[in-house]
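Take a look at these structures.
Here come two complexes built around chain A, the first alongside chain B, the second alongside chain C.
Entry: the complex of A and B
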């Protein structure tokens, strides 16, 4: 990779994170002003996990996500438009308005619509990896879930099967310290989640989840291991949710000092500062990126507001797939 | 043409589909272990020798492996999932109900889940946790098809149709119908053998079957109760009551045209169900028929609202039998006059 390529790739990581932040802040505003239906679960502060992991994957690799999936979607290549259309319940949304915020996804871009039952995507991702193995494909699956999910039986049952069958799946735990309002130390005797991997006989690693380059490097190593038949990897990415769990959650359960400490380690700020320090971009360049992301968002919102809603006739379509294959 | 029981015809169906389509594989507990059992009821016996690497033996982790099968299905495989006892489906139900059944709809049609789930049901001397009739818990799940074969011909044809369908299909199999001979035969087993054609065939997933035509009333039943209903109809015929017997077979979606046509013709419906009366499939059939057929006379016969008991005396009292079906039919024959 030339120096120019490397710089472009790093700028790409920054740009993706900024687009996610602008998207989430804009969506928060739309939701609070009452113009967006449903509920929302946002990921401000966690942009580096989504972007770092997805940057390490190939376009034909897959991710599974959760109810907090806007960042994963934008990182995997979905557009603001298909997401916003879905959030507004439009027929032009990525799931034709049948999924909404918690189930965004686009199979053509390698993202299964979000699985909004905590832990529910972990067996699913393991099965996708089984399919790749049976098909002798070298694709991999990255399975996003939170710290709360590791208390679910689904996590333990699925990682065990991935381990015994050596399946190409990266289990990506975004440890943001809280399952909804409950802090990890209330529900785990051993809060080092990566340790779970060794009890099932596979590799686990804890990474600074607010350092997009560290995340990307760890995910690249994990993906290479998976492709070589080395079996699953558990990546525990330490990060922090700088927003409520959902809707209007004021997150009064997060201590002030903890919030401040993590705000000082904002993934976008620290990466932008690093790139500025190393002369890859200047402050004005970062501002231009923000302005472009904001403009892209605003334009997409305008189109989404007037996008066609589904017809009531669509209510009963797609309950079943057309019947059978030869 | 050969005479087979349900366990053998299912085994042949699985093997033939695996030969025909490399995407088909089996996954479950105690399947594919050399020297093992071929699942709890021998259905996959020895298939691991014919299909190395395609009969996947899992840990005891129902939630996990139903989810794994769902994930494989959405990536283009066609898994056949085997659970040892239907009762264990409660462990797996998040993956079945929230993922397998809903992904097609909530993805706006992007995802297909071609997956077959096979689950043995029925009260058979195993008390309360290895005996439940599980149909009721899955018939109301949008996106899921549910079938229940009562004989070896239907079992093979329905399984093949299920494997070739692009939707998740749950097949309930009755433990007293797998086979009435051999080492795994159960006390009280009923002969469910059929003549199986040599050539490939399927049985549609959406069709009930008229087992015996009749004009005075219709007895609706499935699985073991379909056999009991047929015996009852023979006794009733001797008394001058001509009962039509319908094997409901396609439990979800129900074959309303066939059910309605028969109820309209006879004007009397007796619905027989193994499993507690409250909230059962019998209630759904009764309600649906009453919506469609004015002035229908109907009666429901089901198990009481208790867990399945162990003592053979209590178990026989629990499950509807031929004598009780005949008695209910007599009551129904005299009603509305």
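Entry: the complex of A and C
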């Protein structure tokens, strides 16, 4: 990789994180204005986990996601327009308006539509990885879930199967310290989630989830290991949600000092500052990126507001997978 | 341009009213988009509601301890272009 390519790829990471932040902030105001129905689960502060992991994957690799999936979707290559159309319930949305905020995804872009049941994606990703192994494909699956999923039975059953069969799945735990309003240390005697891997006999690592380059490096190593048949891998990414669990949550359970400490480690701010220090971009360049992302969002909202709504005739289409031919 | 501020959908139980606890910005004062504008009490929690626009808080339509339905106009902001 030339120096120019390396700089471009780092700028790409920054740009994707900024696009996610602008998207989430924009959606926050749509909700406050009353133009976005239902509640929303947002990921401000967690942009580096989605972007770092997805940048380490190939387009034909898959991810599974959660109810907090806007960032994962944008990082895996879905556009603001496809997401906003979906959030507005339009037929042009990534799930034809039938999924909404909690279920964004697109199989053709390597993202299983979001699974809102806590821990629900973990056995599913394991099954996909088993399929890849049986098909002798070198694709991998990265499975996103939160700290709240780790005490679910589904986690333990799935990681054990992935371990005994050596499946190509990266279990990506976004540890943001709270399962809804419950702090991890209230529900875990050993709050170091990466340690769970060793009890099942596979590799686990704890990574600074607010450092996009550290996340990307760890995910690249994990993906390479999975492709070589050395999987699975558990990555625990330490991060922090700078917003409520959902839009109806005032997050009063997050102590002020803790919020401040994590705000000082904002993933976008620290990476932009690093790139500025190293002369890859200047402050005006970062501002331009922000302005472009904001403009892209505003234009997409305008189109989404007038996008066609699904008709009752479409009710049963796209609900089940087509029958497979033997 | 005068913008209507409506009560956002913050209640945990759909259809339950939301109480305006207090205005954090006095009528006639400037407010910035994203700044806490008022405190509300839902069926589950007390929380702050941020302003959707930058401008002057021209009108408040609900007094403290008044209950309103989701979507009802609670204030008007004379927004800066």
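What we mean here is this: the second predicted complex is superposed on the first by the 316 of 326 C-alpha atoms of A that agree within 3 Å, B and C clash if a C-alpha of one lies under 4 Å from a C-alpha of the other, contacts with A are read in each partner's own complex, and residues count from 1 in each chain.
One rule holds for everything that comes next: contacts are C-beta pairs under 8 Å (C-beta built on N, C-alpha and C of every residue); 3 or more make two chains touch, one makes a residue touch a chain.
Given the structure is predicted, the values throughout are model-derived calculations rather than measurements.
Look at A:117: by the touch rule set out above, it reaches chain B but stays clear of chain C.
Of the two partner chains, chain B is the only one that A:321 touches; chain C does not reach it. After superposition on the shared chain, chain A has more residues touched by B, the comparison being chain B against chain C.
When both complexes are overlaid on chain A, the residue A:94 reaches chain B alone and has no touch with chain C. Looking at the shared chain after the overlay, A:21 reaches neither chain B nor chain C. Look at A:248: by the touch rule set out above, it reaches chain C but stays clear of chain B.
Residue contacts after overlaying the shared chain place A:32 against chain C, while chain B stays out of touching range.
In the three-chain superposition model, chain A touches chain B and chain C at no common residue.
Residues of chain C that touch chain A in their complex: 6, 8-12, 33-34, 42, 44-50, 52, 70-71. The touching residues of chain A, when paired with chain B in their complex, are 62, 93-99, 103, 105-108, 112-113, 115, 117, 120, 122-132, 134-135, 153-154, 156-158, 160-161, 164-165, 317-326.
Within the complex formed with chain C, the chain A residues making contact are 29, 31-34, 37-39, 247-250, 252.
Interface of chain B with chain A (complex): residues 25, 53-54, 56, 58-59, 61, 63-77, 94-95, 98-99, 103-114, 142-143, 145, 161, 164-167.
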